[in-house]
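This report refers to the structure that appears directly beneath it.
Each chain gets a letter, A, B, C and D, in the order it is written, and its residues are counted from 1.
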Amino acid sequence: MSAYNVMAMSPFIAGAVAVVAIMLGIAVRRSHRASAAATVAAFALMLACIPVAAGVAPRQVTPLVVIDAYALFWLAIIFGAGMATAILARDYLRVRGGQPEEFYLLLLISCIGAGAMVCSRHFASFYLGLEVMTIPLYGMISYICSGKRGVEAGLKYLILAGAASAFLLFGAALIFSEAGTLDFVGMACATVNYSGSLVVLAGLAMVLVGVGFKLSLAPFHLWTPDVYEGAPAPVTAFMATVSKGAVLAALLRYFSTVSPDTFMSLRTAFSLAAAASMIAGNLLALRQTNVKRILACSSIAHAGYVAVAFLALGDIAAHAVAYYFAAYFAATLGAFGVITLLSANGDLREHDAMEDYRGLFHTRPVLAAVLALMLLSLAGVPLTAGFLGKVYVFMAGIRAGLWWQTGVLVFASAVGLVYYLRIIAVMTATPKDGDHACEVLLPAVSSAAKGLLAALTLAVLWMGIYPAPLLRIIEGIHLSAH
Amino acid sequence: MMATVPTEYGMVLAAVLFCTGLVGLLVRRNVLFMLMSTEIMLNAAGLAFVVAGSRWHEPDGQIMFMIIVTMAGAEVAVGLALIMRFYHLFKTLDTDAADTLKG
Amino acid sequence: MTLTAIILFPLLGGVLAWAAGWKSAASARRIALIAAALQCLLVAALALRLRLAPLAGTASPWLAELRMPWIPQIGASFHLAADGLSMAMLLLTAFLGLVAVLVSEGASGRNGGGLHLCLLSALAAVSGVFLAADLLLFFVFFEAMLVPVYFLIILWGDLREDRFAAALKFFLFTQASGLVMLVAMLVLSFLNARATGQLTLDALELRGVPLAGAVALLLPLGFFLAFAVKLPMVPLHSWQPVTYAAIPASGGIILSGVMAKVGAYGLLRFVLPLFPAASSQLAPWAMVLALAGILYGAFAAFAQTDLRRFIAYSSINHLGFVVLGIFSMNGLGQRGAFALMVAHGCSVAGLFVLAGVMERDGGSRDMARLGGLWAAAPRLGAFALLLIMATLGLPGLANFVGEFLVLLGTFQASPRIAVLAALSTGLSAAYALRFMQRIFFGPRRGAEPAADLSGRQAVAALLLVASLLLLGLFPGTMLQAVNGVLP
Amino acid sequence: MLQLLWTVPALPLLGFALLALFGRRLPRAGVSVIGAGSVGLSAVASGLVAWGYITQTVPAAYSQCLWTWMEVGSLKVDMILWLDPISLVMILVATGVGFLIHVYSTEYMRDDADYARFFAYMNLFVGAMVVLVLAGSLPMLYLGWEGVGLCSYLLIGFWYDNADNARAAVKAFLVTRIGDIGMLIGLFVLWFSLGTLDIQPLMERAQLQWTPNSAVAVAATALLLCGALGKSGQLPLQVWLPDAMAGPTPVSALIHAATMVAAGVYLLARTHVLFDLAPAVQCVVAVIGAATLLLAGTSALAQRDIKRALAYSTISQLGYMFLALGVGAWSAALFHFMTHAFFKALLFMAAGAVILAMHHEQDMFNMGGLRRRLPLVFWTFLAGAMSLAALPLVTAGFYSKDMILWSVLSSPKGGFLLWAAGVVGAFLTGLYSFRIVFLVFFGEEKGHASAKPGPAMMIPLVLLAVLALGAGFVEIPETLGRVALFSSFMGVHAAEASAVLGEGTQQVLAALLALGGLAAAVVLYLLRPGIVKAWVATPSGAALQRLCASGWGFDALYGMLIIRPVVALSSLCRDDFMAVVWRAVGICAEGAAAGLGRAQTGRLRFYMAGIALGAVVVLALVVLL
């Protein structure tokens, strides 16, 4: 094991050490504050290791893992999202009592799993990463086990994710049976060479099912609103961002060597799924009265949008997807962040019903403004990150000639606007008289959370107004180099 | 030894197992049985890996099988804990009863 | 740098007003007023300077420009540029911005600072639209305009209207059509990049991209759709009456006076130069559509009893003339369209001032319940009379110049359409006079507001009257401004 | 002197501006001074200009360019004043008669609350009219044209609290607007045909470029004619004029004598060169004039309201002018316009004095015997009525009408039938004018007339009475001793004429018919009123009377043909039927959302089924495609 490999893997090593250290720490003395702080520090450390790793990138570490610019970019945003989740979770869990310390372990492990996925260049490491990311999620979803919602959501997710994993694995096994290798490059080559083979096609289709579930593409999206609603708000934020992004990032790497012209039937299926997600997600959200469910539906739609960019394949897709997810991460974390902070008060209730947001502009103007900004970003309004994300997706779609998919994207984006604006409208409505109760219960927001929201707000605006520096980094990513 | 078993046979068996698990998921309401069904599906996939690996004389298939079993075990561990919690809260193992989250 | 200042200055004023609004709404309004007035001066000074000294190099069509890299990765640059057309529109924007702030409702009620922030940031965005010479930059401003207006409607809108639905409809129509335009922009840029190898979104550099087949028609249609919604053109207008009904009057001045003109500006600035061949191909259809809008707006306006909806449909009627002029594809018609844009901006702003006065203190705006207001408010009546005369195209007022030239240009392109459009001016006289008669003449009905124009409102009214008269009798300067921009 | 030309329109407009801005704060006397004074000064300026014009060493038209209004490419529209004999006569009449009417108004409107507003509008009216007649380019003419339309609207609806007045005002505006649109399109045709809109170049180019009766000539003149028909209240756009009586009486005087209705005649006279190139349209003009004069003459017979009767008489007299224009005798039309301005202003103002004395009673059947109560008014009214009836030799109306009738008979474009219509009209004129005189001033006294009008009202009446009787002597036909001041000033020289009747014969015939009208009026309304009453009592008589009283039912006809369809169409658009499409889109989206929402059962097995189904679909797609 060379020193270079250690440097390349340093983010993971730091994470793993941190997990063990925090676990030991908890064993010595339980302290929510300390665990949370240690977790944030761990994420900071992991982020700090990324430049170290970048120094030796691109580098293949064992046949399983590759550390290159693409992977590092994803690692950065995954760890950033993890850090944000940790900060939010602290406010959220603090008021709920119980034993919150282990939550951070799960979070860290899940992030490491997600990181492993984006660095994987072999199916084994991909699957390992996937499960390491997913299994802690079950625990996180049901972490507040006193209520029915969390347990129900966790169990639903567990059963369905298990089945989806089975689809993914079976599909991979079918491809393996024809290709004889589980290396991504090899598998991809084999899939191209055997593109006429029914077994390979069936395998790819089953992989698509498994991935579709994780991305909550229609028609595999049914679970999403339920689980997002049942999970604690910070966990929902984490799921909506990290678990989606990592899967798509890994998938993109898998398909990086495949020319877009092969597998027309698979592309058609994926396009249909993307279109169905865009339409179904947005339409579903129209009638929801729960903000978390709305955001869940919107995440279905966003998966569809980004799938259009994905369909372009290659570097264009990598850039579009990377930028899109960076923007989407910031906005989603910000939006769920506000929900989390509103839910972090004494009545231990999730403040996710639309009614909870009535008049928020009058009672909590800053939080409301942040939420509004995040929603506008998700809607793709200019001067926010989401707008350029959309521009990128459009450009990818146009360059790849995905005409009808782009058309659906336009239509769906328009529909999507309706529910984002509905939330904003509710927030501006005058609060009903006698609603003083909610003022009494207004949470005290920790300064860390304040800082986080400020950072996210700045990030969203910065990416919307002057994204050139970030884009320079993203354009430096070349997938097909290996 | 495995080489004597044709790949197709193994694959068909795996597919049958997979479908068994899938049908189990669809028809059983008891959450325990549903968990077991997912295990069957995962194991079917594992079997498929082993069969495929044996076709190419690659150890990868068997390694994948071991990873799958490990992960499935982890999943079952979490799953059982959740089922206990579930039973405690809902007083039943019928998943159809758990529809507080919907719409 | 002045160009950037034109965009940033109102924004700064808005933020200051907003900050001041926490203490007192009146001081917020004062700051906003000062900012709007200074903005007027700034734009006017720039206009004067440019007229005296156009840009040295004659190769550039711009009088002033500023170009900085922005997002080179997608070919977008921060490219602001002004020519006669944009300077004229900027002047209109600043002027109507001042009028809007003069009559703003913000002195009382819910956080007036916010209202002024919205007003002024809308102004900033519109100024950006008129200055942007890069397609993406244009689009950013084009869509950014929506946000302040949206908040104006939902936060300070008319409580009697379903203002959430109205705001949503407004946002939805504009954004949806805007996205289509965005795709068209990106496709155009992509085709250009494929043909020349240069990735750019600059409006000038994208002229003359070879287009063939369906794209040659679909791309201009994509642009056209967005601008047609913004104007709005029938049948894409259904957002407009509800929006005009719900928006606070000061916001209405900006929305109807300036933002609607963005649609026409976009047609002149982008659709015609970028797609000359397709434009002439589409022109007959666009003219027919415009004619349909003219007639539909006139008939609908005739039947309205709600003051705001009347304004909305009469605008549809007038903007039909603008489109008609633009697609007459000759200098006369397009200059007429331009003159009408400016004139209609002033006259419709006046109608919104009127609406604001009428609705003050809960006054009714249902024409069926109004009457004989002249006796109580003669100044308001005289103001309304002048606006109504401008609306029906009385010579001597600004609107006539536009309508005359538009009809003349249209007559050159298609006498049949010109005759029908001219006939429709009879209808516009009918609805305009009916409006006057129902509100100001006849016996009093009791729902009228008691007050006449107040000080600030009177100033605003005088400004508008003066501009309508000046532009109507001495339109020379205005018409010369677009020499070199329009054929 | 000629340099003062711009002050002629500027003074009334300045008066308007002052009154509009400060009128409410000025005392009444100040308003009177500004209101009447500005027009008076304008009249003086007109006089000076006229003096300057006449004393020019070489008589030539004078033009004064104020500024360029619009300039786009080759289109250049100037604000240019053009003074030639036609416009000179027009401004003299407009400002002179206008001034008298203003003076009269200072007393007539004395007690009105909106005194300043009244004078502001009146000043604007005169100003717009002067702009109209002095315009050197058609768009500028159109500016004045619409300006008088606006003022008529404002003044007819001056007493706005009565909804009927406002309605009459709107009607006046809209009906004339319909004509104006035609005129506007006519301008477009002229511009594209001849490349200019300045009137003089237009005439010159038309003569060079147009062949007589070519399509473009016919189209352009027909469209210009539309405008003239609307403003001058000719068939089929005459319906607004009787209703225009809703305004204060001085307004009626102004509209009927000096300003509004003259515009149509003026336009046709001004562009007579074009019309000469379109004989077909001229023929239409003549026929319309003849038909209008008969129709209005019969309608005037059946009116009860004194002002309506006078209004129909105006329409009828304008018919004469159109008749003259139709046969190319535009100077005769202008001559009649001038005399008509005098006697019609006189008649209206005298009627106003009567109305004021009768406490705003306008029904002639409620008047009577006022001869004794208001002697001076009676005599002036009688002078006007005589002139209107064209009683031979002593009245101005006789000479002008005679000139028209002789032109019609002698011109190759005229003819016996048109002339016959004209003389029948003369009979009708005699009948209805003296019907008014006898109903109002003779017979038994009904109602109670109050104090006599003061000098501000009476002096204009007397002055006008003198003009109504004496102004005709500027143009005396050959048979009576030939004075041709007017026509030679106009630059028209009598052409050798041939006609079926000699000039003298036709004069005698026309005079006899006018006198016959007078005689018939004496019989029917003075000596034997029973005849008319008995006849009206019969069903056919009643029907005919109703028909005439309603102006031959044009209002009802237009109500059916135009107003109802427009209202129906607009109520169809009222609720924006095109928005239904978008509403349907919304409903579809909602429905689809509801359908999709139903899939969110919350049951695990159902979700699993969704995944399984999706898997099957994807597999099928991938494998089968």
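Rule of thumb we're sticking to: a residue touches a chain if its C-beta (ideal position, glycine included) is under 8 Å from a C-beta of that chain, and two chains touch if they have at least 3 such contacts.
Please read all numbers here as calculations on a predicted model, not as lab measurements.
Enquirer: Using CA atoms only, can you tell me which chain is the most central one in this structure?
Expert: That would be C.
Enquirer: Whole-Å distance, subunit B centre to subunit D centre, using C-alpha means?
Expert: 96
Enquirer: Could you grab the centroid distance between subunit C and subunit D? Build each centroid from C-alpha atoms only and quote it in angstrom.
Expert: Whole-Å distance between the two chain centres: 38.
Enquirer: When the centre of a chain is set as the mean of its C-alpha atoms, what distance in Å lies between subunit A and subunit D?
Expert: Their C-alpha centroids are separated by 78 Å.
Enquirer: Which integer distance in Å separates the CA centroid of subunit B from that of subunit C?
Expert: Averaging C-alpha atoms per chain gives centres 64 Å apart.
Enquirer: By residue number and range, which residues of subunit C touch two or more other chains?
Expert: In subunit C, no residue touches two or more other chains.
Enquirer: For subunit A, which residues are shared contacts with two or more other chains?
Expert: Expected reply: 155-156, 159, 163, 167, 225-226.
Enquirer: Residues touching two or more other chains, restricted to subunit B: which are they?
Expert: 22, 25, 31, 34, 95, 98, 100-103
Enquirer: Hey, which chains are touching each other here?
Expert: A-B, A-C, A-D, B-D, C-D
Enquirer: Subunit C touches which residues of subunit A in the complex?
Expert: Residue list for subunit A touching subunit C: 361, 376, 379-383, 387-388, 390-392, 394-395, 398-399, 406, 410-411, 413-414, 417-418, 421-422, 424-425, 428-429, 466-468, 471-472, 474-475.
Enquirer: Within the complex, which stretch of subunit B touches subunit A?
Expert: Checking each residue of subunit B against subunit A gives 7, 11, 14, 18, 21-22, 25, 31, 34-35, 37-39, 41-42, 44-46, 48-49, 51-53, 55-56, 58, 60-61, 63-64, 67-68, 71-72, 74-75, 78-79, 82-83, 85-86, 89-90, 95, 98, 100-103.
Enquirer: What residues on subunit D touch subunit C, complex-wise?
Expert: Spelled out, the residues of subunit D in touch with subunit C are 20, 24, 67-73, 75, 79, 117, 139, 142-143, 145-147, 150, 153-154, 157, 160-163, 165-167, 169-170, 173-174, 177-178, 181, 184-185, 188, 191-192, 566-567, 569-574, 576, 578-579, 581-582.
Enquirer: Taking the touch rule as given, give the residues of subunit A at its contact with subunit B in the complex, in rising order.
Expert: 123-124, 127-128, 131, 135, 138-139, 142, 145, 148-149, 151-156, 158-159, 162-163, 165-167, 169-170, 172-174, 176-177, 180-182, 225-227, 229-230, 288, 293
Enquirer: Taking the touch rule as given, give the residues of subunit A at its contact with subunit D in the complex, in rising order.
Expert: Answer in residue numbers: 155-156, 159-160, 163-164, 167, 198, 201-202, 204-206, 208-209, 212-213, 218-220, 222-223, 225-226, 264-266, 268-269, 272-273, 280, 283-284, 286-287, 415.
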